[in-house]
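Presented below are the structures under discussion, each in the form of structure tokens.
Next come two complexes built around chain A: one with chain B, the other with chain C.
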Partner chain A sequence: MRKVAGDIIAFYVLAFLAIAASIMVMEAQDIFHGALYLALVFASVAGLFILLTAEFLAAIQILVYAGAVLVLILFAIVFTRRDRKGEEVSRGHMIAGVLLVAGLVALLLQPLLRVPWPASLIEPSGPNTYSVGLSLFTDYVIPFEIVSLALLAALIGAVYLSKREVGS
Partner chain B sequence: MVVELYEQYVPVIPFIIIGVLIPAGGMILAWLMRVKNPYPEKLTTYECGEEPIGQAQMQFDVQYYIYALLFVVFDVETVFLYPWAVVFPDIGILAVIEMIIFIAMLVVALIYAWKKGILEWMPLTWREMVIREGGRAR
Partner chain C sequence: MIRRRVHGGLYAEDMERLYHGPLPYLIMLIGAGLTVAILTGTGLALSYVAGLAPEGFWENPWVRGAVGAVLWALVVAVGGLYLTLVERKFMARVQVRYGPNRWGPYGILQPIADAIKLLRKEDIIPEAADPLVMRFAPIIAFAPSFVLFAAVPWTESYVASTMDIGVLFIVAVTALTPIGVLMAGWGPNNKYNLLGAMRFAAQELAYEIPLVLAMIGPIAAAQSLNGVAIVEAQRGTWLGLIPRWNIFPQFLGAIIFFVAFMAETGRIPFDIPDAEGEIVHGFTAEYSGMKFVLLLLIEYVHLIAGAALFVVLFMGGYLGPAPINPFAWFALKLLLVILFMMLIRAVWFRVRIDQIMTLGWKILLPAALFNIGFIGIYLAVTV
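And now, the complex of A and B:
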């Protein structure tokens, strides 16, 4: 009984943090602060992954999203000019934004409506970092090696783009 | 009794609480104890006695971005090292070969970036600096 209460409390705290921080991302006066709130969103979602016993996913969430992606966003903010602050949003942008969000919500609702609630829990087959590793290095070796090619391509693309930037 | 995975993370909770309390507590204590006597001189930005020019939130050089991009690529590589380290004792030499191929591919990427001179810092010319400051180059 105590155990059940514990994870429900943890869920509500994390869900509240994630939602509150998401709102702050949009409401923050300074876009830089917004990006920092985004870090909190990523961290809370990582916590939710742990509650779902998806430990490996939580580690990736922290490492890649809270770490790398956020660094990219912060860098992008400090590299752009700040003097365009407070520009009016045009009607066209507003309509495009509403349409985009509506489409995204429709897309996300699809799986949510298909699941019979309350959803049954799928028991993990073992420690999940181990399971991921085992299938990654035995059954899925070729996709794994292709990932390194994708990373190589990404890096060459980045080098190519920044090279032009410096050269011009 | 089966220990759920998230229960192993319970020790993280006091860790987070202490982590928040140390900086917040320090600031609150300082706020309670300090003498409040602000005057214009004291409210200037501390810059070793110099008057700071412009905003602190200036535009940084875009050259830093390539370092961020390189960081992301190698960060994603690190993600794959975690499951590898866990299963390595059970798979053995095969896993080592697989990982060497994987890392070799990224070493190629690093050498490419290096050879292209991306890791070299390109100082701005005087003209570019003047333009950046919002002035007109002569």
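And now, the complex of A and C:
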């Protein structure tokens, strides 16, 4: 019983952190601060994964998002931005942004409304890294390979786009 | 004959004898014996104390976590503090110098003097700095490299958390360090800090991939990510003589891992993030006092963590023949790997940034990929 109470407290703390930090990502005046709040979002979401006993996913979340993606974002900021305060958003951008977000919300609502959410807490299922690996390479091997190919294509595309012609 | 005092109470002739006669080897032998004895004694004492607790006491994750954190904090704090002295004395010995010798016999109080000096320094935040980012940077940079010890098994039972994802947790947590370092580069608004942090992050990103790929070998051999399981998979011997450590069949993987974690610690020969001569010690440039200590300690904590991981993955962790207990075995192997890294630092030189990047992306990465294929075939044939 005590463990369940701990789970609930942890859930609310992490959920609050994740939401507050995502608001701060947008509200931060300094883009560098915004990126740091994004790190907090990633870390809190990893904590939520642990509460769902998906520790493999949590570790990957930290490794890939907080570790690699965010460091690259920080890198890009440090490399490029001279003015740290940002600029005014034009009216056209504002409307386009609202439309884009509305579309994204509509898209996300489809699966969210369809999933039968469990009414009670999920029981810890014990170690599951092994079964994650197993199902990745048996049931989901085709999607897995397709994703790998898509990533490879993106990688080659990125190299091609950023490549400078020799001599120019 | 004029006798010149050079080393506390010692004379030049004594030093000569100390460094060139049979005496140094005898001292080394005695020192090694003493180290083994002390470590074994500590291990026995720890098991005795741990045995006093009531049944099931150590099963409680809160107890394990708290005690593990305190013990590892001791190892990291005292170890980190005294590794600086060990390193300076060891490097001095290799480079035929004396090293620190003013505070206490053979300079054994030097780290304490250093610590007092650093703690008493004024804590300066430059006017143009981003104070919040600058203040939090050392904490965020240091904390991950300490948290990772939760999954490092000192022995079969001395492990703070027997989590299923073990070594993956360690790698994931280590990946957070560059965030703190980039904060330390950005916060003080100083070009040297920024340059140092960028170099650190670039190096870290480049070497993280071969590091993780090299870890796949031992993980595949044990079919588990758990540290204890990886060590247990190395139990036994070949032909009753050679221990079944992963370092023997997976020599290439071990080299890749070793080089990669040396680059991650940012020590010579991979210390371009510090590079005192060109960017005045990089991302620590504007820091002073306790914040500086934390940033400086990252290097030593990474050193301990990397060596511990190397011992677990490739050198059979706590396994070893009986008279020396598992606790002492792990500590001894840890010391051996750390000393080897210090030896490299003592005899090598700093390499250029393009050489570091070339080594990471063009040599270690393909080698690590080849290694995975090789390990796959090896495991398919032997298991």
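Observations on the structure shown:
Basically, the second predicted complex is superposed on the first by the 119 of 168 C-alpha atoms of A that agree within 3 Å, B and C clash if a C-alpha of one lies under 4 Å from a C-alpha of the other, contacts with A are read in each partner's own complex, and residues count from 1 in each chain.
Quick note on the criterion: a residue touches a chain if its C-beta (ideal position, glycine included) is under 8 Å from a C-beta of that chain, and two chains touch if they have at least 3 such contacts.
Bear in mind the structure is a predicted one, so any value in this text is a computation, not a measurement.
By the touch criterion defined above, A:151 reaches chain B but does not reach chain C.
In the superposition on chain A, contact of A:39 is made with chain C only, not with chain B. By the touch criterion defined above, A:20 lies against neither chain B nor chain C after alignment on the C-alpha atoms of chain A.
By the touch criterion defined above, A:28 lies against neither chain B nor chain C after alignment on the C-alpha atoms of chain A. By the touch criterion defined above, A:62 lies against chain C but remains apart from chain B after alignment on the C-alpha atoms of chain A.
Contact comparison for chain A: of chain B and chain C, B touches the greater number of residues. Judged by the touch definition given at the top, the superposed model places A:70 against chain C, while chain B stays out of reach. In the superposition on chain A, A:10 makes contact with chain B only, while chain C stays out of contact range. When the two structures are aligned on the shared chain, A:129 is found in touch with chain B and with chain C. Comparing which residues of chain A touch chain B with which touch chain C, the overlap comprises 32, 55-56, 59-60, 63, 67-68, 71-72, 75, 78-79, 127, 129-130. Taken in their complex, chain A has these residues touching chain C: 30, 32-33, 36, 39, 55-56, 59-60, 62-63, 66-68, 70-72, 74-75, 78-79, 127-130. Chain C meets chain A in the complex at residues 130, 132-133, 163-165, 168-169, 171-173, 175-176, 178-179, 182-183, 185-186, 194, 197-198, 201-202, 204-205, 208, 224-225. Residues 3, 6-7, 10, 32, 50-51, 53, 55-56, 59-60, 63-64, 67-69, 71-72, 75-76, 78-82, 124, 127, 129-130, 132-134, 136-138, 141, 144-145, 147-149, 151-152, 154-156, 158-159, 162-163, 165-166 of chain A touch chain B in their complex. By the touch criterion given at the top, residues 4-7, 9-10, 55, 57-66, 68-73, 75-80, 82-84, 86-87, 90-91, 94-95, 98, 101-103, 105-106, 108-110, 112-113, 116, 118, 122 of chain B touch chain A in their complex.
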